[in-house]
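What follows is a group of structures, each given as structure tokens.
One chain, chain A, links the two complexes that follow: it is found with chain B in the first and with chain C in the second.
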Partner chain A sequence: MKRKLSIIITILMIGMLGVIVSGLTFGDPVDHPMDRYFIENSQEESGANNVVTAVLFDYRGFDTLGEAAVLFTAALGASLIFRKRRDD
Partner chain B sequence: MQMSSIVKTTADVLFPFILIYGLYIILHGHLTPGGGFQGGAILASGVLLLLLAYRYSESTNIVRQVMMKTLESTGLLLFIIAALSAMVLGAGFFFNWLSPLGSIFGDSVAYGSTVANLNTGGLIPIMNIAVGIEVVGAISVILLALLSGIQEKI
Partner chain C sequence: MMENVVIRTVSRLAVPFIQIFALYVIVHGASGAGGGFQGGVVFAASFILMIIAFGMPNVRRRIDNRGIMWLSVIGIAIYAGIGFLALLMGGNFLEYAAIEAALGIPHLHGILIDLVEAGIGIAVMAAMVSIIFDIAGNGEESS
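Now for the complex of A and B:
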């Protein structure tokens, strides 16, 4: 009984996901004025040919700084947990 | 357990090529798809290849944990110093002051879709290199820490 119910719920969930996804427009994004701005002005404002890098290191530099700090903290925590113990 | 000599030779042959590919991805971050994070991850995958092919005690003679920790700290410090260096000149944090100067990484960009010039970008390539150094150090430290717990039969 429980097994049948779980199977029915799973099928319902997959069907709902299919209905939701079929309504999305992949590969056809809405033309947003901010996208236009980045594509047209990022070369002369940041000096980089790659728009993605210009956004990553110039417009959203604080985001990259936070990512680097998160990675630093992760390495710090991993080396702290797996450190060599003296009593081994 | 000892890996076979096929695995060791393959790792030895592939390691320099992975190194060159990762450095290319980092250095061309402002021209082509890629950048510091991606190139650093590729370099760290080369380090992982060495760590898996050889025994832990053997490979830590080449890949030292202190060296990787130093790389990690150096990368983050270089990134923050590069960001702070704009404030010395009176501009804002992260301002790209190096871009139109004509010195290192300072050529002006040819606008539109033209042939890319490596010597452009100003502070962006320097930050890419800093992030690449930091990522290869951090991922190698995590891998070394995780692999150090495995008991190996000799």
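Now for the complex of A and C:
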């Protein structure tokens, strides 16, 4: 009985999610002057042919450094928790 | 350890190609589709394939935990070091144009981005392999 109820609730939740998501508008981003600026000027300003790289490593270089530090911290945390020590 | 000739032979053939492709993806960061994060993960995948095919002790004999952690630190240090180099040359932190102007070498900007990508690739590869090393254990009890 409880199992049936949980299945019904799950189906209802998925249906509600579908109704909500189908109402949203995707693929219709607002045009912003910043977009055109990056496309037109990133090659001369950053020296990278790839606009994504120019944004990621030049305009947002500080952010990417933080991302790398986050990855390093994740590896450090996994080491701290899972590494087997010799003495125990 | 299960002996499987097919898996071992195919991995032995595939691993160098995967690593070459990973280096290609890293180097192509500034000029095409690619980058340090993606290439680093592909490089780590080659190590994971080696762990699956040859077992953890065989891979650990080549790279140990200490070396992997050092690689991770070196990767981030390359990135931050280039940032501080720009600071030293009189620009802002990570302002590659300041290094290019101070040294007077043309197109240095893109080369510096490539260097930074290489650092990111090393750091990501080392972080992934380190996590696998720690979670998968020593490989004595299984495979």
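Everything that follows uses one rule, which is that the second predicted complex is superposed on the first by the 69 of 88 C-alpha atoms of A that agree within 3 Å, B and C clash if a C-alpha of one lies under 4 Å from a C-alpha of the other, contacts with A are read in each partner's own complex, and residues count from 1 in each chain.
Everything that follows uses one rule, which is that contacts are C-beta pairs under 8 Å (C-beta built on N, C-alpha and C of every residue); 3 or more make two chains touch, one makes a residue touch a chain.
This structure is a prediction, so every number in the text was calculated from the model and none was measured.
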item	value
Which superposed partner A:16 touches (first chain B, second chain C, both, neither)	neither
Which of chain B and chain C A:74 touches, first, second, both or neither	both
Which superposed partner A:82 touches (first chain B, second chain C, both, neither)	both
Which superposed partner A:62 touches (first chain B, second chain C, both, neither)	both
Common ground on chain A, meaning residues reached by chain C in one complex and by chain B in the other	46-50, 52-54, 56-58, 61-62, 64-65, 67-69, 71-72, 74-75, 78-79, 81-84
Chain C partner contacts - residues on chain A that touch it in the complex	45-50, 52-54, 56-58, 61-62, 64-65, 67-69, 71-72, 74-75, 78-79, 81-84
Complex contact set, residues of chain A against chain B	43-44, 46-50, 52-54, 56-58, 61-62, 64-65, 67-69, 71-72, 74-75, 78-79, 81-84
Touching residues (chain side chain B, partner chain A) in the complex	29-33, 35, 37, 65, 69, 72-73, 75-76, 79-80, 83, 93-94, 96, 99-100, 108-109, 111-112, 116, 120-124, 127-128, 131, 134-135, 137-139, 141-142, 144-146, 148-149
Of chain C, residues touching chain A in the complex	29-35, 37, 65, 69, 72-73, 75-76, 79-80, 83, 93-94, 96-97, 107-110, 113, 116-117, 119-120, 123-124, 126-128, 130-131, 134-135, 137-138
